[in-house]
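Let me give you the structure first, and then I'll get to my questions.
First chain written, first letter: the chains are A, B, C and D, and each begins at residue 1.
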Amino acid sequence: MKFQVGCQLKYDLTTDSTFIFNISAVNNGSQQVLEEHLQIEPAINSEEYVSSTLKNRILRLTAPPGKLQVSYQATVALCLGEDNPNLIPEIPPKKLPLRVLNYVYPSRYCESDQLFNLANNEFGHLLPDYSRVTAICNWIYDNVTYLSGSTDAHTSAYEIVTQRSGVCRDFAHLGIAFCRALNIPARFVSGYAYGLEPPDFHAVFEAYLGSRWYLFDATRLIPRKGFVRIGTGRDAADMSFATIFGTAQLEGLNVSVDCLTEEPPQATLGAITCV
Amino acid sequence: MKFQVGCQLKYDLTTDSTFIFNISAVNNGSQQVLEEHLQIEPAINSEEYVSSTLKNRILRLTAPPGKLQVSYQATVALCLGEDNPNLIPEIPPKKLPLRVLNYVYPSRYCESDQLFNLANNEFGHLLPDYSRVTAICNWIYDNVTYLSGSTDAHTSAYEIVTQRSGVCRDFAHLGIAFCRALNIPARFVSGYAYGLEPPDFHAVFEAYLGSRWYLFDATRLIPRKGFVRIGTGRDAADMSFATIFGTAQLEGLNVSVDCLTEEPPQATLGAITCV
Amino acid sequence: MKFQVGCQLKYDLTTDSTFIFNISAVNNGSQQVLEEHLQIEPAINSEEYVSSTLKNRILRLTAPPGKLQVSYQATVALCLGEDNPNLIPEIPPKKLPLRVLNYVYPSRYCESDQLFNLANNEFGHLLPDYSRVTAICNWIYDNVTYLSGSTDAHTSAYEIVTQRSGVCRDFAHLGIAFCRALNIPARFVSGYAYGLEPPDFHAVFEAYLGSRWYLFDATRLIPRKGFVRIGTGRDAADMSFATIFGTAQLEGLNVSVDCLTEEPPQATLGAITCV
Amino acid sequence: MKFQVGCQLKYDLTTDSTFIFNISAVNNGSQQVLEEHLQIEPAINSEEYVSSTLKNRILRLTAPPGKLQVSYQATVALCLGEDNPNLIPEIPPKKLPLRVLNYVYPSRYCESDQLFNLANNEFGHLLPDYSRVTAICNWIYDNVTYLSGSTDAHTSAYEIVTQRSGVCRDFAHLGIAFCRALNIPARFVSGYAYGLEPPDFHAVFEAYLGSRWYLFDATRLIPRKGFVRIGTGRDAADMSFATIFGTAQLEGLNVSVDCLTEEPPQATLGAITCV
C-alpha cells in the first residue's frame, strides 16, 4: 500500500535555535521511502543521522531569529505483516533476547516500576500471550478519555493512570508501562497515521511477543495497517517530533496522510508487525 | 593500575527466578579484564550478552527455589586518562555528535525536563565548560546529604532535589538531570570503587564535553582513578546490579576492591576520561 | 458497651523534644470517658487542649534528653448509633450544611482534586446514597492490599491508588479522597479498635450523609461498633498519634483494647454513627 | 484608610450548578465593611455563612443553565497594625498556643513534611524571629519567577520549589510550606489588593510570630497595607474565590480596588498585622 505523507511546521524564532526533528519516514523491511522532499525556508543546511539499530532518521538544523518553515513530503510503500493473534505467546524473561531487555525497564514517561501492583492486579491473571496486551489496550480505551489539551510534555503514565484523560502519546505511554510491569518489552512508535481526524502526528506502541514486535494502538483511532513509521524509542523522550534548543514558537502545524492505493487500510483484529 | 574486584551475592528464592546481573567489569580501551572467575551455587548455566555500543556485559541466569550464591572475582588493569579541566568546553546542541543526543533527553530517574528552570537558575550563568559540571557536583555535595537508606528503587532526581538526601545513585541521577537540563549529554555509570567505605557497588556519572565522556562523582567518596566500570546507561533503570524476575530475597552482599599496584589511586582535580 | 483502652509509648530522646499526642479518648454524645489515667516518666507536666468544635484532646509535653515513657489508660462507655443504611441519601452541595463544606476540599493526604476523573469513572453512575460510600469501601478492599510497612508518613491517597498497598491510614485517606471527589464531605478518625490484630492505633473515616456523619472502615479489620474515638481531622496531618518537635526515637509502642461488657461488638452492615 | 473593592464574575452554565464564592470582605478588628452590594443576574437567592473562628464569609448559590453574573462591591475601612519587625520572635512548639497548632501541619498545597530538609538547609541556621520569614520571602522572590499561566489548580509548593515559576497563590503556598517546615504556623489569605497590575484577586500568607499573625507577600507586587482580606485558610483549598459544583465556564473576571483616602498605602518594611 502506498501513502503520501507530509508535514509543514512553522516557527517564529527569537534567538538562534537548533532543532532536532523526527519527521522523516524510516526505511526498513516493511516500509520503503520511494520519494521524498524536504524544504526549509529560509534555505538552511540540515544534517541527517540514521541511528544504527532502530534506523531512526534524526534531522538537525540551526536557524537564525525570524521565521522558519520546514516542509516534508514523502511517498512511502508500506507492507506491514499480519499474524494470527491466537498463536503469539509472551516470552518469559529467562528466554527474552537480551537485546530487547532494556525495553522492560522503566523510562521517563513509563514508570513501570510504580505500576507493578496495579498492572498485576488488573492483568496478572490473564493468559500470557497476545491477548493480554489486547486486554491492556481495552482497559486503556475503556478507562482513559481521549481529550486534546488535557496533558503536556511532562505528563507520564503514572499520572495518566489516575488522571484518566490524555492524548495518543499518553495512551501509548500507559500501554508501554503496563506491558513492562508484566515483563513484556514495549516501546514507543511515532508516525503518520492514515485516517486520523484531525490529521496530526500519531503515537502507538509495540510489544515484543513471540519472536518479534507487534503494533498496538489503545486509542482505536486509526487502522494500524495505515501507520507509516517515523521512529522508535523507549518513550516520547526519544521521539518528540521536534526538540528545540533555543527560543522558538510553533505557529503552525499541518500533517497530511493520503492513501495512494485504491483500497485504503481497514481496521483489523490481526496482529500487526513490521520487518 | 591493577585492581582485584569482586562481589558475593546471596539470595533466598521462593519461586523459580530469573536474574539479570550487571556485575562484570567491562573491557574497553581504558580497562582490561585480565582474569576473572564467576561461581554460581548451585551450579547453574548462565548466559552473557555484550551490548553492541556500550560493551555492557549482561549476565542472565534462572535459578530454582532455595539458596543462590553468585560470586564474581576479576583482576582488572585500569588506565583512565586525565585531561586538563581548563581546556574542555561544552559542545552546543548544534555541534553535538548525533549519536550522543539521546543522553540529553530525560529518563526515568533523571527528569531533566522538570529541572529546567532550577538548573538554569543555578548554573545558567556559568561558563559553558568543564567547570560548570564541577559546579553541579559541588552544588550536589553542598546541598544533598549522603544518607544510607534515605531513598529506594523508585527515588528519582526530581525528588532528591527537594528531599536533599540520598545515596550514590541519587547523587549521580541528580548530576545527570542537571547536565541534561543544560543540554549537556550525561549518563549513568556503575562500578567497583577503590576506597569506598563500607565497600559496596558505586555509581557515578559521565558528561560529554569537548570530544569525549568525562567522569564525575558528586559524592567525593572515592578517587575517580580507582573506579572500575561495570557498565553505562541512561540511568539506574539500565544498570541495576541485579534485576530479579521472580521472588527472591537478598540475604547477603559483599563487595571488595583491592589495589594490586603499589601506589593506589589518589584524589585528583583532573578531568578523568575513559577510552 | 464498655472498653478498657490504653497505650504505652517509649521514646529515647537525644535533645529536648516537644510532643503533641493524640492518644486520649474524646468525650462526646456517643462516648464517655468514665475513668482515665495518664502517667509520664520521668514526671513531667503536660498540658491538654480540647478543640472547640471537634473536641479533640491534644496533649503537649516537653521532655529532656533521655528516656520518656507515656502510658495512658481509660475506661470508656461507648454507644454508637446504628441507622438503616437503606434510608440515607447523599446531600447535594446546594443543600450541604456550610459548616461541613471544608470536608469536601482536598487536603494533604487526600488529593480529591486529582482523583476526580477516577472517582467519577468508578462511582459516578451509582446511586447517590449510603451505598455509594459502601461501594467505595468495597473497591478499596478489593484493590488495595493491607501490607504493613508498605507506606510511610509522606504517602498520600494519590499514591495509594496506583501503588495498591497500604495500612489503615492509607485506606482511610483513599476513602476520604474518593468521597470528596464525589462531593461527599469526608474526614479522618483515629482511635482504639477492639479486635484489631496485632493491636495498634487504628484509623477509619466518616462521610457526611443524610444529616450526620457515618463511620466507614475499608480495611474490614474490626467491628465498627468497637471503635473508641481519639479524634477527628481532615486527614492524618491533623491526627497523628504523636508529632515530635525534636529528636526522639520511638522504642516501644503497645496498644490494648479490652471489652468490659459481656457481649463484645459484632460486625454489622448497619450505618454506624456517633453523637 | 478606605477602599472601594469589587469584582464581577461572568459564567456560562450548561447544567444547574452550585457555586461557593469567597469574594466578600471580612469584618474583623482591623477591617470593617462600611457598605456593600451584591448583585446576581438572573435574580437568585444566595446564602451566606460566616465561619466561627476565622469569620470567613462563604456565599452559596445555585443557578440554572445559561448566563450567570455575580457582582460584588464594598467600601471597606482598613486599619492594619504595624509592628517593629526587630522585636518579634518565633515561638517554639512548646509554647505555641495550641489553637494555632494545626497551622504547623502540612496541607494539600503546602507539603511542609516533604520540604523539611530543604527548609532547614536554607533557613535552619537563621535567627528564629521575624527576619527568618522575611528571608523565606526573599528566597522565593529571588528564586521563583512570577509567570501567569505557569501553574494550575493542582500545583502545590512541592512542585513550585523545583519548577521555579508560579503566581501569587503559589508564592503564598511556598512561603507557608517553608514556615511550617520550620515549625512556624502559617496560613493562606486571599483578598483584594490595592495596586495590583493587572487587577485580580490576590493571595498572601500569614505567619504566627510573637503573639499574633503577621502578613507576608513574597511577590512584592503590592503594599501590604492596602490588602483587603476576603478570608483565611490552611491553603487555597479552603479559599478558592469560586468553587463550582456543576458545569460552568468562567467567561469574564473583573476585579477593582480603589483607594478612597487621599494618601494611598505605601510599601513598608514594617510587620503588618491584623486584629
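By our rule, a residue touches a chain if its C-beta (ideal position, glycine included) is under 8 Å from a C-beta of that chain, and two chains touch if they have at least 3 such contacts.
None of the values given here were measured: they were computed from a predicted structure.
In summary, no chain was found to touch both subunit C and subunit D.
Centroid to centroid, with C-alpha atoms defining each point, subunit B and subunit C lie 45 Å apart. The distance from the centre of subunit B to the centre of subunit D, with each centre set as the mean of the Cα atoms, comes to 46 Å.
For the pair subunit A and subunit B, the distance between mean C-alpha positions equals 30 Å. The set of subunit D residues touching two or more other chains comprises 114. Touching pairs of chains, sorted by label, consist of A-B, A-C, B-D, C-D. Within the complex formed with subunit C, the subunit D residues making contact are 18, 20, 47, 49, 51-53, 58, 60, 62, 92-94, 98-99, 101-102, 105-108, 110-111, 113-114, 153-154, 183, 233-234, 237-238, 243, 245.
Listing the residues of subunit C that touch subunit A in their complex gives 114-115, 117-118, 121, 143, 145, 158, 161-165.
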